[in-house]
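These notes are about the structure you will find just below.
Here the chain labels run A, B, C, D and E in written order, and each chain numbers its own residues starting at 1.
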Amino acid sequence: MAEAAQMQVSDEVAVQIENMNKWYGTFHVLRDIDLTVYRGERIVIAGPSGSGKSTLIRCINALEEHQKGRITVDGTLLSSDLKNIDKIRSEVGMVFQHFNLFPHLTILENCTLAPIWVRKTPKREAEETAMHFLEKVKIPEQADKYPGQLSGGQQQRVAIARSLCMRPRIMLFDEPTSALDPEMIKEVLDTMVELAEEGMTMLCVTHEMGFAQAVANRVIFMDAGQIVEQNEPKEFFNNPKHERTKLFLSQILGH
Amino acid sequence: MAEAAQMQVSDEVAVQIENMNKWYGTFHVLRDIDLTVYRGERIVIAGPSGSGKSTLIRCINALEEHQKGRITVDGTLLSSDLKNIDKIRSEVGMVFQHFNLFPHLTILENCTLAPIWVRKTPKREAEETAMHFLEKVKIPEQADKYPGQLSGGQQQRVAIARSLCMRPRIMLFDEPTSALDPEMIKEVLDTMVELAEEGMTMLCVTHEMGFAQAVANRVIFMDAGQIVEQNEPKEFFNNPKHERTKLFLSQILGH
Amino acid sequence: ATLDDVKARGVLNCGVTTGLVGFAAPDANGEWNGFDVGVCRAVAAAVLGDPTAVEFVPTTGKTRFTALSSGEIDLLARNTTWTFSRDVDLKFEFVGVNYYDGQGFMVPKALGVSSAKELSGATVCIQTGTTTELNLADYFRKNNMDYQPVPIETNAEAQQQYLAGACDVYTTDASGLAATRAAFENPGDHVVLPEIISKEPLGPLVRHGDNDWGDIARWTLNALIAAEEYGITSANAEEMAQGTDSPEINRILGTEGNLGEMLGLDADWAKRAILAGGNYGELFEKNIGENTPIGLSRGLNAQWTDGGLLYSPPFR
Amino acid sequence: MTTLSDPPRESFRLSMLINDTRYRAYTFQFIALMLVLALFAYLGSNLVANLRAAGLNISYEFLGESSNYDINQTLIDYTSQSSHLRASIVGVLNTLLVAFLACVTATIIGVIAGVARLSPNWLVRKLMAGYVEAFRNVPVLIWIIIIFTIMTAVLPAPSAFRGEDPDASMLFGAVAFTNRGLYLPAPIWGPGSLVVVLVFIASIVGVFAYRRYATKLLYDTGKLLPMGWPSLAIFILPTLLVYFLLGRPITLEYPELAGFNFQGGTQILGSLIALWWALAIYTGAFIAENVRAGIQAVSKGQTEAAASLGLRPKRIMNLVVLPQALRVIIPPLISNYLNITKNSSLAIAVGYMDVTGTLGGITLNQTGRAIEAILLLMLFYLLISLAISALMNVYNNAMRLKER
Amino acid sequence: MSDTHQQSIGYVRDSMLPQATPPASETGAVKWVRQNLFLNIPNSILTLVAIFVLYKLLAGFLPWFLNGVWDAPSIRACREVLDGDAGGCFAVLTERWNQLLFGFKYPSELYWRPTLAFVLLFVAIAPVLFRKVFPAQMLIFTALYPFIAYFLIWGGSILIPIFALLGFVAGYLVYSRFVTQSFAMGFFGGIVAAFVFWWITGLLPIEGILALEPVASRDMGGFMLNLILGTVCVSLSIPFGIALALGRQSDMPIIKWICVVFIEFIRGVPLITLLFVANVVLAYFLPPGTNFDLILRVIIMITMFASAYIAEVIRGGLAALPRGQYEGAESLGLDYAQSMRLIILPQALKISIPGIVNVAVGLFKDTTLVSVISMFDLVGMIRGPILASTEWNGVYWELLGFAALLFFVVCYGISQYSQWLERQLQTDHR
């Protein structure tokens, strides 16, 4: 499968991060990050807790601002200009660890909200799109329920559908399965694999090494705010180079 | 290990329950309970939710009053006489599912409170005892922290140490591990096993069948307020007799 | 200017007390009646031609001055004592005196007190927000007596306190005492002591600076007083307006001269004011005179010709 | 990879004021600031225009002038010759006095009622629920008036104590409840009374010292001394002993009916009592709810855990439940104190001369300085509430439970 | 290993026991009385004390209430009828009920209008309070209600409320036309549109068209005044409260500080000083010549007062929302206004409703303070005209009791509702 996926990677650059640095107060969270993501690429980001994985991903989406360096998403430079930020956010979908569905809206409304208000899609059309993606994540029948009535796995799939409804060109996942019970993890991973097979550009923070091996084009290992090692999954898992990586893999696989 | 433990059981009766009945309003929670616990015995009580396990244990400690029958703890008859209740309570330690540590006191203060005020132990001495037991549960270094600063597993171990500081002759555990994350369960079970090995009389409500098999002298299975079956762990697990037990075991082990 | 505002509004906003029987109080139907109310109605009749075109704004001792200076009311007719500082410092203009009063004391007969000099050690109910508490402080200090003041916001509550015996003495303007006593179940059980400890010329006032409006209020009041002097009453005013042989009466009633025009009103202004509730004497008799429950005698408030202080400047 | 560089410094464009996150916040804040300034400028210019039109000005000189009125309750020296400023201070002290008394009383009432609401006794529970609901759901002004009415209309006037066969009589011949207030005996400090007072103070210190010692003894040796009756004995006995040894240096002056009023003794004004108790009972109902919520917030597990350790109910309350409940109770308790202080401004309804009655009442009336007086009045209340909030923050920070 | 009990260890129950009935001491009235009244000696004493207190209360109250005189022209007549017996003089209520409820100036032939408005209030407020019970369409009536109520209570031409309503409609139309593009544009466009509409229609001569007899604000009084002040101020203060709460949450320091200063200032001073301001000082701050009604000034002040308190409640609601909701909205590309309006506020307000209701109860009680600045609300009517009148001087208990009862019924009702709602929110797993 990994082979099949590989093929869809094109030469176009989806995300380009150059020499990016970020501080929280005086704490240097991200240091000199350089990363180029090509269109269709599927990248898994791994690393110990607190290594800055989430922060990296959130910078791409301008949920956090970086203090130095450049981030270019789909040709748009991420600057403090609101227009650019808006543009980028509508190109980039994000799925959170805790789903962050809107509990006061039905599933359908969750999915149509942004298309209607941000993309100015007519409501009917937005609903059709939403149903399409809900079918894709296999829960069209839940459309009129409220998030609180769904299981965690279903909620996460709704969150994915909600992002997809904006027809993003890039999807970011921040530990999408780590708040789920084991049975539900599979549901969500299946959905993500399916997305991957369709050639979506994905950046995914996860500890699901199975998923990484099956889907990723590239695994990035971070520690202490830096990219320590990156490689194809096979190489990465079987033949890690850096000491830190070896240690991490031994822990995570042993677990 | 089970064999080794077996040996410490003596002939002395620690708890004797005769024909005990309890009602909540008109609801008959415990029906004709007869149970004799010998000194040094380690009893695991299992059963479906709502079967009255907690209530049984709490009756022994006079946290709930029973309406019919007799409970004798360590030779003292449990009556409405406050003196007897006090006597019994200081003989019997109890560990709750939700730890119930006192959040406004440090760990050390949690452990010395009762010895000082109930046993009238001088403070210094009480603190020495407390440190002794905190070492036993392997967290002496946390003595000056507050409960809110510890992990669940650590808190539960403090709760055990707190009970031990009263040097009880009998320990009651009410699902001590069910509010814990999997990693922490082991910490607590280890502590309990250690206690068991020292010959403490224990009654333990738990669904940890591994623990039961390893440590218990006897497993008691309750349903609908009655003791349905009891046996040595080996027999109980391999060769349950009652239909209800079989059903329960199939569920719990299949899980 | 105030005159134009009032005309444009069609209603005169007149500040009165929150309720003092005889001077200004709403009856069971919510209709305002009283001596001060009469002044308001006279001004309204003079300016607007309609004695009912008045909006009565109840004010407390605290709010009355701001109400006036902020323009919420056009005229304050709320037994307000004319003092130097109010006239000069607070920037108001008193347009005359409609009642010469003085502060007095009322005590239950049962106490057996016959003079204010015997009040040492008494508990005294005062209505706050008036000059009364200053007079009281001065009087007791001057006479070297001590007392305990019980300050109260409204007349109604002062009355309650006094009747319940929470204070021995009630002090306020003598007219107010009479009015209050009149409302008692047994007025005979209470006496008003003979001492009058202060001068309290009560009169309507307007804002400083709008002299035209002040003139209207002043001369409406004077017209009422002069009308009594010359015998113009609400009963005979119409008849007299046909013309009399007294030039002064003619000038008042507008059949001679152009006094109304000078004021910026029409010729009939004073006639209407008199017709609104009668001349000064009529208003007095109807609201607070001897035949009313309040039963005040004219005393100082008689015409100068009868030995009183009422003395309207000439209309010419 | 690529040459690194910061995002290029774009030249500033006007549209960036709205579109650029860096500048947008400044734009908004600037607009807001301008709006607020404009509003103030507008109000200020109106004020100036209005004052000029009325020929008035803003000046605080009136504070120095003599007030010319008397106040019936003065905690500091005051005569009608004192200044308005002093009259205001008298009012401030009266406010603080009634607020303090009401806070203490409300706390006592509230704690008793709150605990009683959790009593196992059904009748007591219901009775207290009735009290709480009745007082919480009726405006405090109505309660103040009702209690004031009880004071004036129900209690006898001093004159009722007069005569051969009076309608009312004094309690123990020493205390008179009248509708002007409460007349109590006042102590006369004879020679040696200082000693008695000192001994009394010393014995209060003694009580604390004893309790401290008892705890220490328990900690050190495990010996638990009784707390209740020794404390009481230390509290009372030495003072009594010294009092009688010195030949009763402190005597009481009893109030006696003379002239219009009771003379001698001390008087607590009726209006003070009415306001004090109205505020106390009203706020007590709120405090009762806080206390109940606070105790209930301590989970049942805490009590059970303590009980299973063998602690007695009284100790469970003192050692486990109360310390935890207090954290929940005290913050709303403090804001209730603040409410009492603010509600004490309703004193004018009963003629109690608090600061609203002096500065915001008679002074305002006599001088006509409405703006100045009300401004000062608000400032005073604001200072109090800021002080109390500061106190609350200190408490909250000190008591915050340590968490991970 | 000791064999004594090792044999007995195996045990299997052969027949299951049925539910048995508890012993008599565990059920029925006996147990209840013992448990609830006479658990132990101190408790029994308490019970006796409580019974004594109850007896005293009832012994004082019942004869007074049952013997009450309901029909007499004055207190003296009452006393004659009672002839020395204990008994209330409730005649004052039957004689003056209209003044107590409507003040002394509201024309009596028009009482049906505020009464109708009051009844309709329940219809209007029901769908807000019980969202699950009533159809959402009823909210349309809620939106219309302010205009209907204004028309009923104040009278005048029906065109005034209609134009006012149409102004809002015009504003809304413009708003919804532009809001999808930019919130600011929609919002300010809407406001401008509404004002333009009002300005134009304000020029029309509409006096007397389809008019009810107009009643001036000054003529409002009695309990009606309390209700008007309460409902108007609470409803007006909610939008201001939201704005203040958002401002206080803002990370722009100047805006935050403006809001903080306002809120803390208002919360730091007693309402009565604010009422003094309305009564005595506010006029100086308005342009020369403007002349607000006292009632209007009071409404402004009470609204400011309530806004500050409601802002604090809503701030609590906002703080209770998890950070993820903000981030979720942001990551979808919603801007600040959109995420507030669509995501944050609907949730925050829902959490805040019980708190808002509590503020409303407190505020409603505080409306009695207007009696201190010589407005004739229920308390003002009692303390002023009625108790001062010759006929009724001295009937304290009946009047004050009546006032207390009216407030109790309303406030108790509302606070029970808020408690119910809190329970609903707790169990609401949505």
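What to note about this one:
Here is the rule we use: contacts are C-beta pairs under 8 Å (C-beta built on N, C-alpha and C of every residue); 3 or more make two chains touch, one makes a residue touch a chain.
Chains and their UniProt names: A, B = Amino acid ABC transporter ATP-binding protein; D = ABC transporter permease subunit; E = Amino acid ABC transporter permease.
This is a predicted model, so every value here is computed, not measured.
Among the remaining chains, those touching chain A and also chain C are D, E. Touching chain C and chain E together: D.
The minimum number of touch steps linking chain B to chain C comes to 2. Closest to the protein's overall CA centre, chain by chain, comes E. A turn of 165° superposes the CA atoms of chain A on those of chain B, with the angle given to the nearest 5.
Among the other chains, the CA centroid farthest from that of chain C is the one of B. Ranking every chain by how far its Cα centroid lies from the centroid of chain D, the top place goes to A.
Chain centres here are Cα means. That of chain A falls 57 Å from that of chain D. Centroids built from CA atoms put chain E at 52 Å from chain B. Our note on geometry: chain A versus chain E, Cα centroid distance of 48 Å, whole angstroms. Residues of chain E in contact with at least two other chains: 276, 280-281, 283-284, 288, 372, 383, 394. Shared interface positions of chain A, defined as residues touching 2 or more other chains, are absent.
Shown for chain D are the residues in touch with two or more other chains, namely 50, 53, 153, 348-349, 364, 370. Remark: the chains found to touch one another pair up as A-D, A-E, B-D, B-E, C-D, C-E, D-E. By the touch criterion given at the top, residues 6-7, 9-11, 21, 23, 25-28, 31-32, 36, 38, 67-68, 217-218, 224-232, 235, 241-242 of chain B touch chain E in their complex. The part of chain E that touches chain B in the complex is made up of residues 1-2, 4-5, 9-13, 16-17, 19-23, 25-27.
Within the complex, the chain C residues that touch chain D are 61-62, 65-66, 69-70, 86, 89-91, 110-111, 119-123, 128-130, 133-134, 136-138, 140-141, 147-153, 157, 160-161, 164-168, 207-209. Chain B contributes residues 61, 63, 86, 89-90, 92-94, 96, 98, 100-104, 113-114, 116-125, 145-146, 148-151, 159, 162-163, 166 to its touches with chain D in the complex.
Across the complex, chain D meets chain E through its residues 25, 28-29, 32-33, 36, 43, 46-47, 49-51, 53, 119-124, 127, 133-134, 136-143, 145-146, 149, 153, 342-343, 345-346, 348-349, 356, 360, 364, 370-371, 374, 377-378, 381-382, 384-386, 389.
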